[in-house]
């Protein structure tokens, strides 16, 4: 088997205030996989995600990306390869206009002029926000900010896309359009979500994190139909949805 | 017919940067109703909600709550009656501990000592956050913060509960528990949501806002089964869900 | 340039303290018209911002350091009376929480760097607004010039106070030349920062700039009927 | 957004000094400094007594002396001024270590150093043993006008909001491959500073409105 592009081993982490959030997490994601990361509130999903590009530093265990250990010397390279869409779009947007914000990453990679503009507009068109290019991002609606936040990551064309609850606050059409984009890209995807039908639709594999450890890892269908596992970890299927009868979209 | 508890007439509003978000909105909600407010990103839902307790001031038209016009002189009374759960929990939480934050509102109403404690703990139990009572709110996970934000409003026991995307970032069990709480309370509810099955489950009536005006107002079932309306306003039913076959939960 | 305890003699400290108390008293009354529900947080932010701006220190001639003062910026953002309150609060916080500036010199610091820069900055700003065409695009430049002028004036006043209540006979001419010379440079920095900050705020939240309110025009709102709106 | 959770100078502790009500500490500081300032500048034994008192208080407060000493840097500009005084001042000259300096300037410089240092140390002790929120309550009890207290409480909170937002913006920038290493990067920082101002303001404004929504009237409930 190839080396995993995301390789997390025995990862433990405590926040500076002493609260331990991860207790030995193992996760291996291979090139081109789309994996859903499920689990109750406070399970440690965001904490785990923030280790994947070195925002948090492992307290114990190790994290590596495409074989590179996540450590100071490799951070620039790793951040070029791993694009993270944060759970809170306000954590992602900081420049004065949408254009400057989406262009920020590629500009750091040395792209400029017409090429920069082309990439910015393409990313904004993907998320349906092209007409907002000259507005300040913090004056957009929450869902619009989420869409711009996704664009700031897409524009970097990362090899590995990590999305923390990307569909929350999106309107239903945008949610489906995001799924279409993710399916059309040839990248590795790790997606945190509480939207189980969305996970089933998009990710063949699911990992369940609960109380800071991995409690299940397998096909999404198997996870969602394992009733004991589901109730033990606050996962419930929403009103009117049954994975056994839901047919995949064409 | 009784006077509506929420009465919005011809409401128009432009943000200070000149961007107009509402173009004449009419909305009447009666005592005890549960109404879902649907619509695409950027439709003006949050903008509308922020008029209901006088955070924004109508540019044209009028808003009144239980017959009281929303204006400077009535603000204290109106804010006591209308509890708003903001779309972003970080806008809602500001004290140093969860206890102080949830207790803030009732303390302002003059409640103290054991009674204050009792109310705080009850609200936190409702949202399943009692064990976090002495943690700083900004050190919680996003979904945990959302739950505390809901508690800060429940604890005020408002007559009218306005929730802006309350279920986003909640794990599936919390989402259902929130629905149970809302159903059990004898209050008027206006809930903004992009989760159409959730709207159908909880709210008999739906209002669709799009481009700053009301484009539909009727029974949730009728709205969700009106395909032309749905596609015109970026509303789509999620994967595997059909209102025609979904049976209400017992 | 925060004056520490014991730098000026007791009578001078007491006199400047009295000036500060009286002016703050007047400002408290006058500011009622400027300060409401929504502007109270603005006043707090302006104070925090001025506080941050004052952390930018420049080494100055005779051993003291100079820094940006933010009086004109505050005056244009929240109005002169509220600005006086903001600046006074900044000096109190610096003194009590950061030990920057002595507690017995608090009145001196407020008078010197608060009252003076606010008054000079605001008067220059208003003066320019009166003689120049009423255009919103001119506001940042007017504020910047007000800021520029306010700094050397405060420096001159410092020399004056030192002459009255300072410890010893340094050559006042030299001190004045050095202080004013250096503070013209600092004033240019202050002017540029004020210009940029006011410009940035006017671009997205013109309603937050007190000094621009008289020349903001009212917008007409458009009303769409449901039928015409449905097409959108 | 935490309300003033431990500013840079506060040293968490539970000593008797930490527990004295803030308004008493404020009054004591003021009285102490007035005495120091009013003391003629050549009464050196008196200054030794003041210093001893101060050291005693610091010892009781159990704030490590190094913690305070590191923070006396705010005094540096005036130390420089005091050191230069003897050289730039006019008047009768005297010899110190073979260098001719102004007699007057020398005395003034030394007095300035002594009084200034006592002032800084005393203020630092107050700052290190008092939470900003207690200080606000203390000022309220001393009848500082409500408007000033309100501006100050917003300011203290905003210092948190601004640093919080700055932190978030820094993480966001670095996640997209940017680190400010040299002055070439300043324009980027300058442009994000404008956004920072508005962002902090608007976040603070929304939080303020959230407070009003829950019955806040300008006074913290107790």
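So that you can tell them apart, the chains are marked A, B, C and D in the order they are listed, and the count of residues begins at 1 in each.
The rule is short, and it goes like this: a contact is a pair of C-beta atoms (placed from the backbone, for glycine too) under 8 Å apart; a residue touches a chain by one contact, two chains touch by 3 or more.
Keep in mind it's a predicted model, so treat the numbers as computed, not measured.
Both subunit B and subunit D are touched by A, C. Remark: among chain pairs A-D and C-D, C-D carries the greater number of C-beta contacts. Taking each chain's centre as the average of its CA atoms, subunit A and subunit B sit 27 Å apart. Centroid to centroid, with C-alpha atoms defining each point, subunit A and subunit D lie 42 Å apart. Between subunit C and subunit D, the centres computed from C-alpha atoms are 20 Å apart. Work out the mean CA point of subunit B and of subunit C, and you get 41 Å between them. The multi-chain contact residues of subunit A, meaning those touching 2 or more other chains, are 90, 96, 136, 139.
Each of the following residues of subunit C touches two or more other chains: 200, 204-205, 208. Annotation for subunit D: residues touching 2 or more other chains are 157, 194-195, 198, 202, 212. Because contacts link each chain to all the remaining chains, their graph is best described as complete.
Contact residues of subunit C toward subunit A in the complex are 200, 204.
Touching subunit C in their complex are the following residues of subunit A: 96, 136, 139.
Within the complex formed with subunit B, the subunit D residues making contact are 1-3, 5, 157, 164, 203, 206-207, 209-217, 221-222. Within the complex formed with subunit B, the subunit C residues making contact are 204-208, 219, 221-226, 229-230, 232.
Looking at the complex, you find that subunit B touches subunit D at residues 53, 55, 75-76, 79-80, 83-84, 86, 88, 90-96, 103-105, 107-109, 112, 136-138, 152, 156.
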